[in-house]
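Note that the chains are named A, B, C and D in the order they appear, and that numbering of residues resets to 1 at the start of each chain.
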Amino acid sequence: MTMLKKLYTGAAVLALSTSAAVAQEVEVLHWWTSGGEAAALNVLREDLAGSGIGWSDMPVAGGGGSDAMTVLRARVTAGDPPTAVQMLGFAIQDWAAEGALANLDALAAEQGWNDVVPAALQAFSTYEGSWVAAPVNVHSTNWVWANTALMEELGIEQPGTWEEFVAAMQAAQDAGYTALAHGGQAWQEATVFDSMVMGVGGPEFYQAAFIDLDPEALGGAQMVEAFDRMTTLRGFVDDNFSGRDWNLASAMVFNGEALFQIMGDWAKGEFVNAGQTAGEEFQCFRVPGTEGTVTFNSDQFAMFNVDDEAEQASQLAMATAVLSPEFQIAFNVVKGSVPARTDIDPASFDACGQLGMAQLAEAGESGGLFGSMAHGHANPPSVQNAMYDVITAHFNGEYDSAVAAEEMVAAVELAQ
Amino acid sequence: MAMASSDNAVRSSNFTRALIYLVLILFALFYLLPFGIMLVNSLKPLEEITGGNMIALPQNWTIAPWLSAWSTAQIGVQPTGLRPYFINSIVMAVPAVAISTFVGALNGYVLTKWHFRGATWIFGLLLFSCFIPFQIVLIPMARILGILNISGTAYGLILVHVVYGIGFSTLYFRNYYAVFPTELVRAAQIDGAGFFQIFWRIMLPSSGPIIAVCCIWQFTNIWNDFLFGASFASGGSAPMTVALNNLVNSSTGVREYNVHFAGAIMAAGPTLLVYIVAGRYFVRGLMAGSVKG
Amino acid sequence: MAATDPMLSGGADFRTRLQNWLPKIVLAPSLAVMVIFVYGFIAFTVYLSFTDSRMLPSYGFVGFENYSDLFQIRTWDTAVTNLAIFASLYIVICTIIGLMLAILLDQKIRGEGFLRPIFLYPMALSFIVTGTAWKWMLDPAIGLENTMHLWGWESFEFNWIKDGDMAIYTIVIAAVWQSSGFVMAMFLAGLRGIDNEILKAAQMDGASNFQLYRRIILPQLRPAFLSAFVILSHLAIKSYDLVIALTGGGPGNATALPATFMYSYTFTRNQMGIGASSAVIMLMTIAAIMVPYLYAELREKK
Amino acid sequence: MGFLDINNVTKSYGSVEVLHKVDIQVQEGEFLVLVGPSGCGKSTLLNMIAGLEGITSGEIVIKDRVVNDVQPSKRNIAMVFQSYALYPNMTVGQNITFGLEMQGTPKAERDAAMADVAKLLQIEDLLKRKPGQLSGGQRQRVAMGRALVRDPDVFLFDEPLSNLDAKLRVDMRTEIKKLHQKLGTTIVYVTHDQIEAMTLSTRIAVMYNGYVQQLGTPKEIYDNPANLFVATFMGSPAMNVLPSKLVEMNGALHAQIQGADGQDVHLRIEDAPEAYRAFVGKDVVFGIRPEAITDPEGADRNARNIQALSNLVSVTEPAGADTFVSTTLSGKDCVARMRADADVHPGRPFEFAVNMDKAVLFDPKTENRIA
């Protein structure tokens, strides 16, 4: 492995020494190509342009970033990595372990990142104690999005417990609505499952099952119960859910066809785009049972090793810009997520955003902030996808809950 | 070899003929359906799409989605539309098609007209390369492009497409030249023409149909490639398919289906054009060799 | 078939010898490129399949562990079964439709020049282009089912893409849509190449149209059948973007194919060793089909 | 030493030898025809002379120069191919001058040479056309023009007439012969058609199975075939070959054959060569050409030994100038060639006149002529 590392770095030096002759520029690999996201990213681009740094854009959309990661591997193997890459969770750790990422410690110390970024987030931004990535945002995934008008029509209060949640959905179904808008894609099912595991067993169980990968937790009674809850939810989903994109599920909620959607905070953008306002036409609340905890994922810009000094300088400039309050606000307001810094003034955010920020800070302090399994912040991709296989197979009726829990143990073992 | 041989001896009654036309038209509709949906919906405003029937004609015709997809849609951080990527694709596809076709022609010429011991084996080796799944070549290919120092450039992408195009282009030309009269080559040899003179003066001028087939095939494959384009082109030089994917597969935000469809048709434009314009040469070229196996 | 053979050498002058070597020199770069970029890479993949590679290639030897893991993964079973279903249906249906259209088009059809490109054009489009349209058509809520309902056929049901047991057949439909026109072109070319006198002779012999096709014409299309089979089987084994565009492998993993499996394990799941071992199995399958074909084809040519 | 020497040339593909020690010397101005059934090696030999195929062993010498390792274009030869091999993308004029162009002849000279040849072959008005627009005979002329324009030492023809219809073939045959007489060039001509071979050649090499069976003038080949193969291959209708026995009766040798009713028929042989002695009392093959069996009136006046043979006529085939009459001898169909007005009827016995001067005997074991 070290041999390989040297090879790659060697090639990188070679490649970069030829390309650095071009003006100062950052090449950014990302998958934020939708209108809002790209516009937000443009804030970053203009910021850098102000300091004379060019922006070479390299968007690769699709597969929730997996296509971009494939491209990244090709680029690194070619010895020509992009300067900065949008990354999630464990990918940062994996690349840092390969020795491919630059050390940002000096900048972090200068700007006091340690004090403003929550510790649970830092776990992903640092490798062996050194900063290697600049966090952009924190998405929390255990949200329920609800149609206010429908709740009023059905006489539903915000549910506080699992039972109330089920009762509310039952009411909606009885009234002929789709109770739960859901898109049948593996990652969406896993997103829901995150909250079920957290709701059933709380932080300890979540830690044991998803982070420590303890076989007893994975195959235990609580896991079976979490799967049972998935079965329950399956009963509230319409027939046509398979393969549906999440934003179409969101549309079902804001169009008044469906009552709830369990989805990360990026769903908010859809509601806002549809001209709705948080707290008025639609509501957000934590998935019942997971209050006080936040399962999150965080987009970060990892900086790749470069030897050219000018290039390093532009990396540092980019990292600075990413963590600047202006960009954190501009980006996160659009994206629906909350800033990666806890010292940002919430005034520019809407109701759900402010709620999210407060809860994030709270969970950060109480130890209730956990990386989301569904979004690659709890375990490595091999394990994560092995879990996907089981969860989605169970949700599609291939396993009953007990078998699913057993399969979970087997699949995780095979993937490790 | 000419189309005139369609003077088929098979006769049929009027009823059968009506039935034949019916079947053919039904299939034509089946083939046209997906494209029709794309076309119809690319000319509708977004509200009509989200509310209405997918194959209903637009109530308010609009070309705004087309304009947007071409020049203002958000592909990356800047609203450039597909236009710059269109040019990238052409810059990449034209040389790649030309080179792979030319190399295939030379190979086919050598393999059929200058047969030597082991030539059949070499052809077998070349041919098997058509069947390699491209996913497995990504990592080692990236490494080699890095060593050659053309990673992330159009040259790199052209090289990749040429390399994996040679198998098919050689197959086409070999089969075509296999039935090309060897006596012509012999006559030219006696006339004093050398290896390359025979190729330029005798073989190539008679290779029209198969050049058409090979170019159509290569152009379609190279233009439509996504995997290599995404992996081996850096942002600014990304081909059309990568840009289209970025347009269509963006993760959040309102899905502007009409713009997506307009962009998709644009991305498909050149290959469609090639098939429609050169399609008749396709059957002719296939007849002239490649299906004779 | 040899125009010359290389036995002219010995005392020949330099130019003559150069002429004799030229064909080999011309072929050499292609051969070198193939040896590196195809066979070298295949060897590399085979090697990786015996290593503990995860995110990037690594060279710790683990023997057959990846293979034994591979065969324990349920998705791999699904992928292989799916490929068997998909490939056989795809090849058979494409061949039947392609042959039928070719025969029908060969009946001196008015407007052939108009119909032919319509049958052929799907081959020009990638599924990145048509994926969304296909998803729409297959989706019961917006697609065919909904349209039929709007047109008053309330009981019409077409929801295969949502059904784990049926979804693979929707992949077949889309794949057939894309390639059957191409197969048609190959058969059409084959039909046009048949000597008309043979057909006239057969009619003199009193053969009915059906007999004419079954006994006289189809047997002569053997090369076209073979070419179609080879091209279709390689397309089937390489099918990737079609699945990604239509179902993303879902519902669940119901439409996974070996190509999507390999991509997922190699690039998404960071289990490059297992990905490589699945690639090796795929390559072996391809070789099992192709090598006998190539052998037979090339030996005949001598 | 000839003008074109083929000295002990063999050709092998791998371990298979397809030409065995071919040895032919061609004199300047000679018209040599290589004739034989397909697969006999005649085209391979021609290609070796042309330099299109390598020589496994032996030498080919043109004008005292060993050309084994000389490029086809440097051998100063020209070739006319069976399919004419006209370059489809060039006009007739370009086709004719392509060789000169390749040799770097200046344009003016090329045009002059082309004009001469076009005049000679009467194809002046075709020069601007493409080969696809020409008839078979015109293509044939162009192909010859392409060869002529180069003024080569040796012309090679590879079955040049086989793609023409019967009438054209005869016309072109005459034309080739005229050209040869006019220009006096050395020609090696491959054909499977023995009539072409007979009519055109000054010498014929009959080939079979990779061996030259016989090399000689048309008359030698026709009258004194070296073996059964040459005897039956050359001539149309073919020579009658009948199982027979050589017997001595009344102090003279006789060929004993069986008539249609199974009766023995004895045909006396005069001036028998010494070699016949060794075969007395043994089986031989009796060979007689159809034109040597006639009606008595039609028999050759100069013949010294005409034997009468009475036998049943099975079929008569009037062919205009001649009538072919079949009769069964030694259990085989035997064809006689008679005048058109011969009074012969199927199903009736007839008195045949056999010109024994023309009769030849073969050893049934070696199939060689006994001489």
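The working rule: a contact is a pair of C-beta atoms (placed from the backbone, for glycine too) under 8 Å apart; a residue touches a chain by one contact, two chains touch by 3 or more.
What you are looking at is a predicted structure, and each value in this text was computed from that prediction instead of being measured.
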Going by the contact rule set out at the top, which chains touch both chain B and chain D? C
Larger contact count among A-B and B-C belongs to B-C
Of all chains present, which has the mean Cα position farthest from that of chain C? D
Rounded to the nearest whole Å, what is the centre-to-centre distance of chain A and chain B, using the mean of the C-alpha atoms as each centre? 38
Length of the line joining the C-alpha centres of chain B and chain C, rounded to whole Å: 15
How far is the middle of chain A from the middle of chain C, if each middle is the mean of its Cα atoms, in Å? 38
Nearest whole angstrom, what separates the Cα centre of chain A from the Cα centre of chain D? 90
Can you pull out the residues of chain A that are in contact with at least two other chains? 63, 70, 73, 76-77
Using the touch definition from the top, which residues of chain B touch two or more other chains? 138-139, 141, 186, 189, 245, 248
Give me the residue numbers in chain D that touch at least two other chains, ranges are fine. 51-52, 71
So how do the chains connect up here, line, ring, star, complete, or something else (other)? other
Let me make sure I understand the interfaces: which chain pairs count as touching? A-B, A-C, B-C, B-D, C-D
Note: in the complex, chain C contacts chain B through residues 1-6, 19, 22-24, 26-27, 29-31, 33-42, 44-45, 56-57, 97, 100-101, 104-109, 113, 115-126, 128-134, 136-137, 142-143, 146-147, 150, 177, 181, 185-186, 188-193, 196, 199-200, 203, 209, 212, 223-224, 226-227, 234, 237-238, 240-241, 259, 262-263, 266-267, 272, 276, 279, 282-283, 286-287, 290-291, 294-295, 297-298, 301-302
In their complex, what parts of chain C are in touch with chain A? 54-59, 69, 72-75, 135, 139-141, 159, 161-164, 167, 244, 247-254, 263-264, 267-271
Interfacial residue positions of chain C with respect to chain D in the complex: 2-13, 15-16, 19
Per the touch rule above, chain B residues touching chain A in the complex are 50, 74-79, 138-139, 141-143, 145-147, 149, 151-152, 230-232, 234-236, 238, 242, 245-255
Residues of chain B defined as touching chain C within the complex: 3, 5-12, 17, 20-21, 23-24, 27-28, 30-35, 37-38, 53-55, 103, 106-107, 110-116, 119-120, 122-141, 144, 163-164, 166-167, 170, 178, 182, 185-186, 189, 194-196, 220, 224-226, 241, 244-245, 248, 257, 260-261, 264-265, 267-268, 271-272, 274-276, 279-280, 282-284, 286-287, 290-293
